[in-house]
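Both complexes below contain chain A, partnered by chain B and then by chain C.
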Partner chain A sequence: MTALAEAGTRWSRQADPESTRRQSIAQVWRGFLTATRLGWQTEANWTNPVVYFLYAVCTPVFATLMLVFMIQVISGGNAPPAYRAYVVIGSGLWSFVVAGIAGLAWAVLDDRERYRMLKYLFVSPNDLLVLLLGRGLARMMVGAMGAIVTLGLGVVVLGLPLDLARIDWPVLVAAMVLGLVSIVALGLILASVAMQTRQDSWHYPEAVSGALFLIVGAVFPLNILPTFAQAFGLISPLTWWLEAVRRALFPDIQSGIGGAGSLYASLAGHDAPSGIEALLALLLTTVVVTLAAVATYRWSEHRAKERGLFDVTTGS
Partner chain B sequence: MTAAKGSAERTPSAARSPFVYRPTASPEEAARWEPRRILITNVRSIAGRAYPRLIGLRREPSWILFEILLPFLTTSAFVFVYRALQSPPEYIGFVVLGGAMTAFWMNVMWMMAAQLYWEKDQGNLERYFTAPMSMMAILLGMAIGGLLMSTFRAGIVLLVGTIVYGVVFSVDQWFLLLGVFVLFLTALYGLGMMLATLFVLWGREAWHLTQIMAEPVYFVSGLNFPVARLGLFGAAALGTIPLAVGLDAIRQLAFAGSTNTGSFISPEGEALLLVAMTIVFIGLARYLLRIIERLARQDGKLITRTS
Partner chain C sequence: MPVSPTPLHSAAALAIDARNVGRVYKAKPNPIVALDGIDLTVRPGELFGLLGPNGAGKTTLIKILTTLLLPSSGTASVFGFDVERQTSQIRRIMNIVSGGEQSGYGLLQVREQLWMFSQFYGLGVREGWRRVDELIDLVGLQEQRVQKVSQLSTGQRQKLNFARGLLNDPWIFFLDEPTLGLDVSAARATRELTLAWQAAVPGRTILLTSHYMAEVDEMCDRLAIVDRGRILAIGTPAELKHRVQSESIFRLELDRLDRGVGALARLPGVISAASVAGNDNGADGERNTILVKLVLVDDGALGPVVSALAGLDAHIVSLQKSEPSLEDVFVELVGRGFEDDLTVHQNGTGLRSAGSRPADEESVAEELAGRSR
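For the complex of A and B:
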């Protein structure tokens, strides 16, 4: 075992055995807040807040515009508002996924390849996982900006029929909380992969979120996909998150999961899931993904420690 | 005896490399290089800079999954959007073509434009400037290596997309199509060379600019639909972004006779536009390189690793 690995074990696993539980929790909380603040500064302090805001919302807004314009081109300007709402919600919320998945993986890559601080963070008296979660939260806030602006533009500019009185707030809040947990869990899996890879991993989060974009019914209903792809979609928490949020915001919106010929309809015996049904499925899949993420991360951290990967700069 | 042998092995010898071990009477004479020597050194620099990009393809096979297969799934998502809308079949072809062409744009943005900035981060840029070679040779080596990588990726996306989604191309002018494609690449990588120098000047903003130059550029370049449908924005994109011009010209030539490929300019006109872009971008790259070289020598900070 290297000196670095020994130090990591000493500090992160047995940090000050004489401290009380309360002191330990306070230390974890302090580490998390510091990491979040650091993540935000790293993200945002290269420019002034207005320019940064424009930067943060530019990508999701143009991604949504691309889809809306595709619909307009094909429909000759007569696209059904329901489908437009479907696309805008899916595309807007997707900026959470892109930011959340990339946040943790890029925190590992940034600190290992660019700032060369990962080894020092690992031996600091904080759990590296807590620090990475803090960094991930900072990026998630950037994603939130993009999502809010995109949905706002959808309502104001594209005329989405959002009625505040008809929103199912409890389902919306619960779906958002569980959805964000599942995104962080997916990000943690990617961070675990980034810890192990030897070369250029910067594109991995984007590639993975792009692949998930296909199978979760973000911008088209799942029943268009082949059955095996629908099955992958049904085991992803993101599918249920998007469905639950759509149902909560627009109760009459087209289902992204059910519909004629869908795998869901053949399995469940009814056409489309209700908001509560989507929420329960989201809870179940989130628990599974979170447990898998924690296990993957712990394995990856252990392997990186044993092989000295925290100390290796790959030059990517 | 052993020491003498070792010393003899280290002694410069004309037989080893006349360029490296050329005996000269003075430093001034050593600094005077004949054109042939400059040319050969620059060619070797091009090959040397292209080499890691090509050898990297073999050493880290995970890129096949993350840079080809998964991005292909993103392209597929747009195909399914058109299918959900029951669009004419050409539009599926537009998406597949656009998905293939994004490989070049991504490569230019991440592995050309941002590359000198990364090199600075890693401490290599200082070495490039002190080495006796042209920085244009380094940029060209990066471009050639990246081009081969991207062509491989684009080819796979095009091939698999065509087979899986049943895209039918209709090409009447093969030579013009090939010519436009080559011009598109020269203009695009010329832009990459120019941006590479700008990104060194812009420092940390480079990372963010690279990220921001994806979706907005895809939208105004008409990645998944004819750019002419964007009206004034489309015309502006055709005048400034090689991706918009190349994509529009290739789309017109690859779907000859289709009523859905309407454009402002003919493919021949777009070929001329690409020639003009190539000249402007490469000329600007040379000019900007001189500026950063001067700033690097004058201030001694521009090329030094800071983070």
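For the complex of A and C:
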């Protein structure tokens, strides 16, 4: 125990209840990166990297191929390439949504129910929100692998008419950034719910992403939906994200939002939004969802602290 | 007023200052009062124990002090920082280890998990690795350094948990039933580590909860006996025991006492004398010594009694002073023991290391008694 005494003497000068702004920022960044690494390890450590890569990309790739083949069958092999592009982009990008929405909520559930570490994370000097965002980012990276491979296969195997010279890069980059922020915000709302609920909430992210899949124009345009469903779609940032990305990648692609008889057309007075218009709508809805997510999370965290939920294992 | 971090802490500030802390859990049909107006102060450098049965409120108080739970009423501070409003300051100077749980990221290696927490505690990368490797050696996990957490035994997990708790070198270390579910040797290692850590640097403070009375008696400078959300008594173990025993009690073994214990009871300074049992240690089973429980007004009355025994033609075979235990204190204060609670709790956790004898009240007492001998 002599070593303990020596170590303790050296260390004791470093525990400090106060920190400078610079130290705080450094700690937040370090905590975020470590949480991301933790998320990646807990996500991918169960097998070797090759198997994990296959696991991560197979689901979105085969889901997309299934949709494309169904369209081919239904259309008698005459589905226009632009519509195939529509479906491939929507389905491929959905990997981000599934991973991002589930990532934060499952981080809460994993750490509370499975690893029993949520309370230790909560009472560490880092903000739990930062750690959850890091965990969520790790899962988003997994989703990104699936999305990139799916889109790549769409171009190479399915012959999507992608012209690099015609891509609107600024809109694409801005749309991706805003879209990912909005996905994380939605994930944060679900994490707030998971913090309050029982272990059954493992299924909530799937249910929510499944419901959103129907109303945001992922694989079919909004104008085939009832008006109230279109209204829900128009207030979702995911709808505008998909639209903006499609517009940036394929300028001539059909709109998933507008079209004859659509709610958008009746409200806006023109047939379909431009790329910039979609981007602005994405910005607006993302800001609203993000603010709502942060407020919801803070409320949930306070309530969990008030009710002592951080170390309660529901085990239902 | 928050304390300055240099030196380790100011003598002017209390490590823990809880005033009228209450905690009520909403439940149906009736709310559960976990804490009912707790007043508690712990000085820097103390190893303070909370002793009480399951459901007494010990863990709830620790949760409040570690900013995991909000109090329903009252105020509490840790080194001058309010547990409701100054949580970030408290979290930088404290750590907590709970016993009887299987926590840990099973897929990570021991070293990875500790390093990860070193980063959450704000240590730099190099400093983090340095402390991780030192602590792995200190707690005796060298052979498990690259083993996955899921493959550790219960005792090894608790060592890992301890190492995590020491990573940020806390000013105050909260130990919530740290030996619960451990086998005897792991429990002993945990106690030794706790005492060594505290002794290493003056001013380090520990709040320990336990329902092993011998453990609290042996380790703690002061303790509070808690039951049903209330503190029943606070003091050093000796003070508390003295509270229930103002008289001196001796266990006297005599070779004979032909005139009966009544002769002893009439001696000056003797409050009572009672024959409690005999020793049947003869080969034929014949009783050949007499045991007497002698209650004196104080230790000073023993001399005249010993002198008088010669006149009674009785010879002393052995003489032992009876000390009250913390259990006696608890029974005196509460009117019941908590053995039943203990048994139920231990059986309920199922956290025992395979092949090892689990630590229990008896084994803890045996071990500590052996150490003191």
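Everything that follows uses one rule, which is that the second predicted complex is superposed on the first by the 297 of 316 C-alpha atoms of A that agree within 3 Å, B and C clash if a C-alpha of one lies under 4 Å from a C-alpha of the other, contacts with A are read in each partner's own complex, and residues count from 1 in each chain.
Note that in this section contacts are C-beta pairs under 8 Å (C-beta built on N, C-alpha and C of every residue); 3 or more make two chains touch, one makes a residue touch a chain.
Everything numeric here is computed off the predicted structure, so don't read it as measured data.
Trainee: Applying the touch criterion given at the start, work out whether A:Val157 contacts chain B, chain C, both or neither, answering first, second, both or neither.
Mentor: In the superposition, A:Val157 contacts neither chain B nor chain C.
Trainee: Quick check for you: in the superposed arrangement, does A:Val73 touch first (chain B), second (chain C), both or neither?
Mentor: first
Trainee: Between chain B (first) and chain C (second), which does A:Val173 come into contact with in this model arrangement: first, second, both, or neither?
Mentor: Neither partner.
Trainee: For A:Tyr115, decide between first (touching chain B), second (touching chain C), both and neither.
Mentor: In the superposition, A:Tyr115 contacts both chain B and chain C.
Trainee: Just chain B (first), just chain C (second), both, or neither: which does A:Val208 touch?
Mentor: The first partner, chain B, only.
Trainee: May I ask you to decide whether A:Thr59 touches chain B, chain C, both, or neither, giving the answer as first, second, both or neither?
Mentor: After superposing on A, A:Thr59 lies in contact with chain B but is clear of chain C.
Trainee: Scan A:Trp46 for contacts with chain B and chain C and give back first, second, both or neither.
Mentor: In the superposition, A:Trp46 contacts both chain B and chain C.
Trainee: Going by the contact definition given at the top, which residues of chain A touch chain B in one complex and chain C in the other?
Mentor: Correct list for chain A: 46, 115.
Trainee: Over in the complex, which chain A residues touch chain B? Could you list them?
Mentor: 46-47, 55, 58-60, 62-63, 65-67, 69-71, 73-75, 83, 87, 114-115, 197-204, 207-208, 210-211, 213-215, 218-221, 224-225, 315
Trainee: Quick check: in the complex, which residue numbers of chain A touch chain C?
Mentor: My answer: residues 1, 3-9, 11-19, 23, 26-27, 30-31, 33-35, 37-38, 41-42, 45-46, 115-117, 119-126, 131, 305-308, 310-311.
Trainee: In the complex formed with chain A, which residues of chain B make contact?
Mentor: Result: residues 56, 59-60, 62-63, 65-67, 69-71, 73-74, 76-78, 80-87, 91, 110, 121-122, 204-205, 208, 211-212, 214-216, 218-219, 223-225, 229-230, 307 of chain B touch chain A.
Trainee: In their complex, what parts of chain C are in touch with chain A?
Mentor: 2-3, 5-6, 8, 25-26, 60, 63, 66-70, 79, 81, 88-94, 96, 101-108, 112, 116-117, 119-123, 127, 131, 134-135, 137-138, 164, 168-171, 192-193, 196-197, 199-201, 204
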